[in-house]
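Alright, structures below, take your time with them.
The two complexes that follow have subunit A in common; it is paired with subunit B in the first and with subunit C in the second.
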Partner chain A sequence: MLLRCLGAEWVKLRRSRIWLVLLVLPVFSALIGFANYWMNQAILQNGWYSLWTQVSLFYGEFFLPILIAICCSFVCRLEHVNRNWNVILAAPVSTPTIFFAKVVVVGVLLFAVQLFFLVLYICAGFIAGLHAHFSFPPEVFGWIMRGWLASLTIIAFQLWLSTRIQSFAVPVGISVCAVFVGLGLYVSGLGMFFPLSILTIGMGVLSQESLSLGELGTFAVMCVLFVTTGCALGIRHLTRAGL
Partner chain B sequence: MRTLWLELYKIRHKRLFLMLTILLSIELAWGFMAVSTSMAKNPDATTWSAILVTITAMNGLFLPTGSAVIVSRICDMEHKGRTWKLLLAASVSRKAVYAAKFVSAAVLIGGAVILQGLVIVAFGIGYGLAEPVPIGLLLRFVAGTTLTNLVVIALQQWISLAIKNQAFSLCLGMIGGFIGMTASLFPPQVGRLFIWSYYVDFSPVTYQYVNETMLFTTREIGVHLPIIVVLMGISFYLVGSIHVSRQDV
Partner chain C sequence: MNTVIRTENLSKRYGVVYSVQRVNLAVGEGEVYGFLGPNGAGKSTTLKMLLGLVKPSEGSVSVFGKDFSRNRLEILSQTGSLIEAPSYYGHLTGLENMRVMQRLRDVPDKHVEKALQIVRLEKQKNKKVDQYSLGMKQRLGIAMALLHFPKLVILDEPTNGLDPAGIGEIRELIQSLPHEYGMTVLLSSHLLSEIEQVATSIGIIHGGKLLFQGSMEQLQRNSQPHVWMKTQDNEKARRVLQEMELSPSLQDGFLVMEGMGDREVAQTNRALIMAGIDVYRIEEHKKSLESIFLSLTGKEGSL
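And now, the complex of A and B:
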């Protein structure tokens, strides 16, 4: 049943040109990060790591959460129009399956975006000539994967918001506010307790130090906890609320 | 005028001003925390200029984002409700609706900017700044921010009404916020190509680092920049209005 729901979600997405948004935001943040690295090479002398600090800063801290919010609003947009939620919920498909299908679709899109961002990062490094002087940091793959796992936590909560709120823009606005709350919590050392700060930790945006085994365990547990909570809230809303 | 009242009537339950206030509250809380920390470390920087510079830089991020969200909500209700046909059948001109939407967004966001100015004054007085309230600087700050906002609204409204999928207008708003935030990193000739960098360009106060210390100086904006921005605004508005009026509903 989940596969059928995924197929239905795909049909809704395929001519939507959402890929334009998915491509533009990472390209934009990589370009600005690369330009900043290029102009400050005298200070940024740690090769690939320095480049990562520049390209991932705006992407992981600002663009990725907002991209997630836009994607989540987008996958709920058609359902909000003309009270289509009633049509969907009247179909012989369980409510959790409908919600999980949306989580999976946005998750897959975001995985593709993460891979695209990795390609952009590698290209930027090659253009800057880093491959000649520095070895490629293997941690990057971990940052990309952990970034994606943390993205799933944000996806679960954003989907909950997007199913609750009819407006396309409001969940995106909330996401912008949450970015700053997350940054505040990260600075206060409470990063593991908020999905957006988990993204900062997972992607190594502000600190490239490797996570200890304990921190990795906490990271994984918090990701699972947040995804479960977000999904539970979303499914509960779809099941109980009058749509 | 009737269209404007109807527009305000349509958005009366949408809590747009509340949303804008929450967004700007987060901005101000963040900005005031940064200013307080900086002032505590460097008592020489305990000035109104420090507050204005910080808030102007943060406005570059928050106001394009807030404008994108507000304008998108005002415009999306016509797409979602499929009301264009209804409006045309009621002999309402699309240019009048376009103007009414522009004015209502401008009033909302302009009101929020004025409120922001008042909160800055309250913070400065509450913090116990020794200097008197710089009314001239504050008025120039509000005027510059509002003028830039009007152009941003015109651009956002064009995209929000022309393209039904609001993901694109919000994406533009986010890119605008990003450019606004990083405006000071661009060379001036490049920065002035983007309307979002004018939040910083219109700041009545600027700063430079001398021996790792921030020195604030007031500056005159002149008439050229505002004229360029007004022309940009008129262009975006007219192109948007004509484009949307000619679109098939």
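And now, the complex of A and C:
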């Protein structure tokens, strides 16, 4: 059943312009980060790590959450216009499956974006000539993966918001506000308890220290918890219907 | 005849207002059931409850003899629907829209071709739906509803926004569904003229309540013809008739009586002549369906 829903989602996405956004935002954040690095090379002397602090700051703290919010708003708007929910919810598929299919689709897109961002990061490093003096930091792969896991928590919540709110922009606006809430919580040491600050921690944006085993455990538990909660809220909204 | 849809005391309450109140629908197999009511009467809400798109506040729905809430997926897999405005993905072509539904319902390619052919969209299937006319979108919506050749088709105002030629085409299509594909059709409209030409059964809803349900003939029988008589002296004639225990009313210079068979008409005529009153005219007026509808729903809801 999930496969059937995914198939349908795929047909809907294939011809859409969301691809453009998926390409442009990572490139944009990598460019800003790279420019920042390039101009401040005098202070940023820790090679790949310094480059990561710059590119991931713009990407992980700002563009990625926005990108997630846009993707979620987009896949839900497909159903909001022309009351397509009527057709989808009257199809012989269970309501949770419909929601999960959207989570999976956005999740897969964001995974591709993460890999793309990794490629951009490596390219930027090569352009800056880092490969000549420094060895490549193995932690990056962990940051990318954990960043993706943390993205899933944001995806679940954004999809819930976007199924509830017909507007495209409002959920995106909420996500911008959430970015600042996330920063606040991160600074006050409560980062593990909010999806957006989990992203900050997971991607090693503000601190490149390796996470302890305990922290990794908390990270995993919180990811599962948030994804479950977000999905439960979204599914509950769809089941109550009256759309 | 098997009953395909049966609702019991189906109600939907928003706050304190009932938009659908204790509706008992019964749609028989192979019927084209016309669900008629002015705008805002509760048609769409009722249809959405039949599909599980709106949760009933009270009452129950059973389809194919099975309780809907417990057999939702099984029932939906044999039901096709077009609710409110036609739904479509504007950035996709007609064919791609059908593909979305094909994936969801897991039906073979030939069904897609056939459904597009039935609504005559094969030639425009590679055009973006955003560029379709309203009529084409409506037809695409019907094609999506027919895609899996369901046993039950629920169409909400399917001819909305179509031109007269399109309306005729859709009407023929709807009429052909029961005998050609063994489908049962539940069709809603606010236009009596549309329903009376295709429906075998009819339900009239107004203010959330089902005012009438039955066959088309029953509806017509429901209002007996009136006999209108014009005489030389209506007042005197009226007294004569009242002595015969008839209760004629006076309208536009005519005496109007209900429930008169041939014999009663003859008797009345004879009695009047015996009483020395000339009878000028005896006319039978049948109420049109339109006026039956209006008398059921009230004039304000007629448009």
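Convention: the second predicted complex is superposed on the first by the 242 of 243 C-alpha atoms of A that agree within 3 Å, B and C clash if a C-alpha of one lies under 4 Å from a C-alpha of the other, contacts with A are read in each partner's own complex, and residues count from 1 in each chain.
Everything that follows uses one rule, which is that a contact is a pair of C-beta atoms (placed from the backbone, for glycine too) under 8 Å apart; a residue touches a chain by one contact, two chains touch by 3 or more.
Computed from a predicted structure; not experimentally measured.
Of the two partner chains placed by the overlay, only subunit B lies in contact with A:180; subunit C stays clear of it. Applying the stated contact rule after C-alpha superposition, one finds that A:28 touches subunit B and leaves subunit C untouched.
Of the two partner chains placed by superposition, only subunit C is touched by A:15; subunit B is not.
Within the superposed three-chain model, A:170 lies in touch with subunit B and out of touch with subunit C [touch as defined at top].
After overlaying the two complexes on the shared chain, residue contacts for A:80 are found with subunit B alone; subunit C is out of touch. Residue contacts after overlaying the shared chain place A:62 against subunit B, while subunit C stays out of touching range.
Common to the subunit B and subunit C contact sets on subunit A are residues 16-17, 81. Contact residues of subunit C toward subunit A in the complex are 48, 51-55, 73-74, 76-77, 79, 81, 83-92, 96, 99-101, 103-106, 144. Residues 16-18, 20-21, 24-25, 28-29, 32, 36, 58, 62-63, 66, 70, 73-74, 77, 80-81, 166-170, 172-173, 176-177, 180-181, 184 of subunit A are the ones that touch subunit B when the two sit in their complex. Here subunit B touches subunit A in the complex through residues 14, 19, 22-23, 26-27, 30, 62, 65-66, 68-70, 72-73, 76, 80, 165-168, 170-171, 174-175, 177-178, 182, 185, going by the rule given at the top. Contacts from subunit A toward subunit C in the complex involve residues 4-5, 7-8, 10-12, 15-17, 78, 81-94, 240-243.
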